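What follows are several structures.
Below are two complexes that have chain A in common, paired first with chain B and then with chain C.
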Partner chain A sequence: MNVGIVIVSHSPKIAEGAADMVRQMVGDSVPLAFTGGNPDGGLGTDMAGIMAAIDTAWSDAGVAILVDLGGAETNAEMAVSLLDDARRDRVVVCNAPVVEGAVIAATEASGGSPLDVVCRAAEEIYGAIAP
Partner chain B sequence: MNDAGPPATRTGSIVVPNAAGLHARPAVKLTQTAKGFSSRIEFALAPDGPWIDAKSPVKVMRAKAAKGVTLHFRATGADADAALSAMLELAASGFGEE
Partner chain C sequence: MDQHASARLLTIVANAVIAEAEPLTALDQAIGDGDHGVNMKRGLEAVMADLPAISAKPLPEMLKSIGMALVMKVGGASGPLYGTLFLELGRALPEKPTRADVAAAFAAAIRGVMARGKSEPGQKTMLDVLVPVQAALADGADPPRLKQVAADAAEATVPMQAIRGRASFLGARSIGHMDPGARSSALMIAALVDALETQA
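Moving on to the complex of A and B:
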């Protein structure tokens, strides 16, 4: 089973749009979920929403989370810490831009790569890994 | 089009036919196709490199190969023949776009 991808943005439109790009460019072979906005419908992120998205995109191969700014990362990390023991070690928040990272991570995941390789591919966008 | 290289290395080249070139969507397709093979697959914009890992989506997108550019492929491994054919076929189809 391929690694799943979760997209977390402060904006529900960005989260949905990034997911659209993944679906159109990469296809349906990768479990995918997105969440954006706070519970009131404004800009922000919601830990419960992130946990639900992880659940939706769950894969035994793990889940890579792509986030945008500050609070998205904090909330995503908190959501991961609240997962049960069996799942916690198989979820990673990638250090990559949310839109490009989601497409690249999903492309890598669609080839059957393991979680660390999926995340590293997305992180290459920032030059975190020398080419 | 195909030149037999040293054992288990196959090389071939093709001109990028589609208007938008090797932009994001074709780059994803190229990467996905390459990942279907166990061989090491690389391409370059010049016959002598520098060689780009065809299985790396970021590196493939960075190549920014435009329409009319010649892509030089090389595949090394047990399924090198099939890998090279698939890459050339995909490129010839305009990466499924045209």
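Moving on to the complex of A and C:
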């Protein structure tokens, strides 16, 4: 089973759009879920939405979460800490740009790579764009 | 503390922050993403909506419930940060804490916030209020003194440059504004002191 991908953005439109790009790249070969917006639907993040997305994209191979700005990262990490013991160690928040990271991570995941390789592939984007 | 006293305390603290939602958001518009006040309001209103159930719980469980409500409802980084503060206080405090228990639990909760936010004091965050208040508490400061320490500490974030959070994107331009999280922390501490001082 391939690693799942979760996309968390402050913006529901960015989350949905990034997921569309992932789908176009890898089809249905990777479990995928996205969430964006605060509990009132405005810009922000929603803990329940993140937890539901992890559940939707769940894979026994693990789940890689791609986030945009600070609050999304903090909320995603909090969501991971709230998972039960069996799942917590198999979910990673990747330090990568959300759109490019999601596409690269999903491409890597679709080839059957393990979670750490999937996340590292996304994280290498920052190395590639550094001056 | 009985249910009535707990409910009164929570109401005073929550309302103190909710009443300042607009100024907090204005501070956050200056150096953050302009949602701190409205986010804290949403989280604290969720606590208030569940007040009868929350205030009926023993102190540790009450604090954990407040923490989870903030985690689930705030919708910004301050949700996990304030949420962790209350969750860890709930984990560390006994049902009838002594002053030493409160100081120790506060220290443990601050460590939790530091880990959650990957931050430390001096980076223009809520920690710049929480840490000196905890130190004063451990030192035996009386409640009015704690309120003063909190207010002074929030004021002291004005000349700081943000290292963590959205304000860090601004670099040196974050200097000259009070940190919104430091402000909301000071508001809560002041309200808590006022509520305890006026307790029947």
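The working rule: the second predicted complex is superposed on the first by the 127 of 131 C-alpha atoms of A that agree within 3 Å, B and C clash if a C-alpha of one lies under 4 Å from a C-alpha of the other, contacts with A are read in each partner's own complex, and residues count from 1 in each chain.
As a convention for this text, a contact is a pair of C-beta atoms (placed from the backbone, for glycine too) under 8 Å apart; a residue touches a chain by one contact, two chains touch by 3 or more.
Here the structure is a predicted model, which is why all the values come from computation and not from measurement.
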Fill in: Superposition-derived comparison: chain B or chain C, residues of chain A touched
C
Worksheet item: Of the two partner chains, chain B (first) and chain C (second), which one does A:Ala48 touch, if any: first, second, both, or neither?
Response: second
Discussion item. Tell me the contact category for A:Ile125 with respect to chain B and chain C: first, second, both or neither.
Written reply: first
Discussion item. Looking at A:Asp68, would you say it contacts chain B, chain C, both, or neither? Reply first, second, both or neither.
Written reply: neither
Discussion item. Show me the residue ranges of chain B that touch chain A in the complex, using the header's touch definition.
Written reply: 24-25, 28, 31-32, 35-36, 55-59, 62
Worksheet item: Tell me, which parts of chain A touch chain B in their complex?
Response: 24-26, 103-104, 107-108, 110-113, 121, 124-125, 131
Discussion item. Per the contact definition, I'd like the list of chain A residues that touch chain C in the complex.
Written reply: 10, 38-40, 42-48, 69-71, 73-75, 77-78, 82
Discussion item. Considering only the defined contacts, which chain C positions touch chain A in the complex?
Written reply: 33, 35, 39, 42, 71-73, 75-81, 83-84, 116-117, 164-166
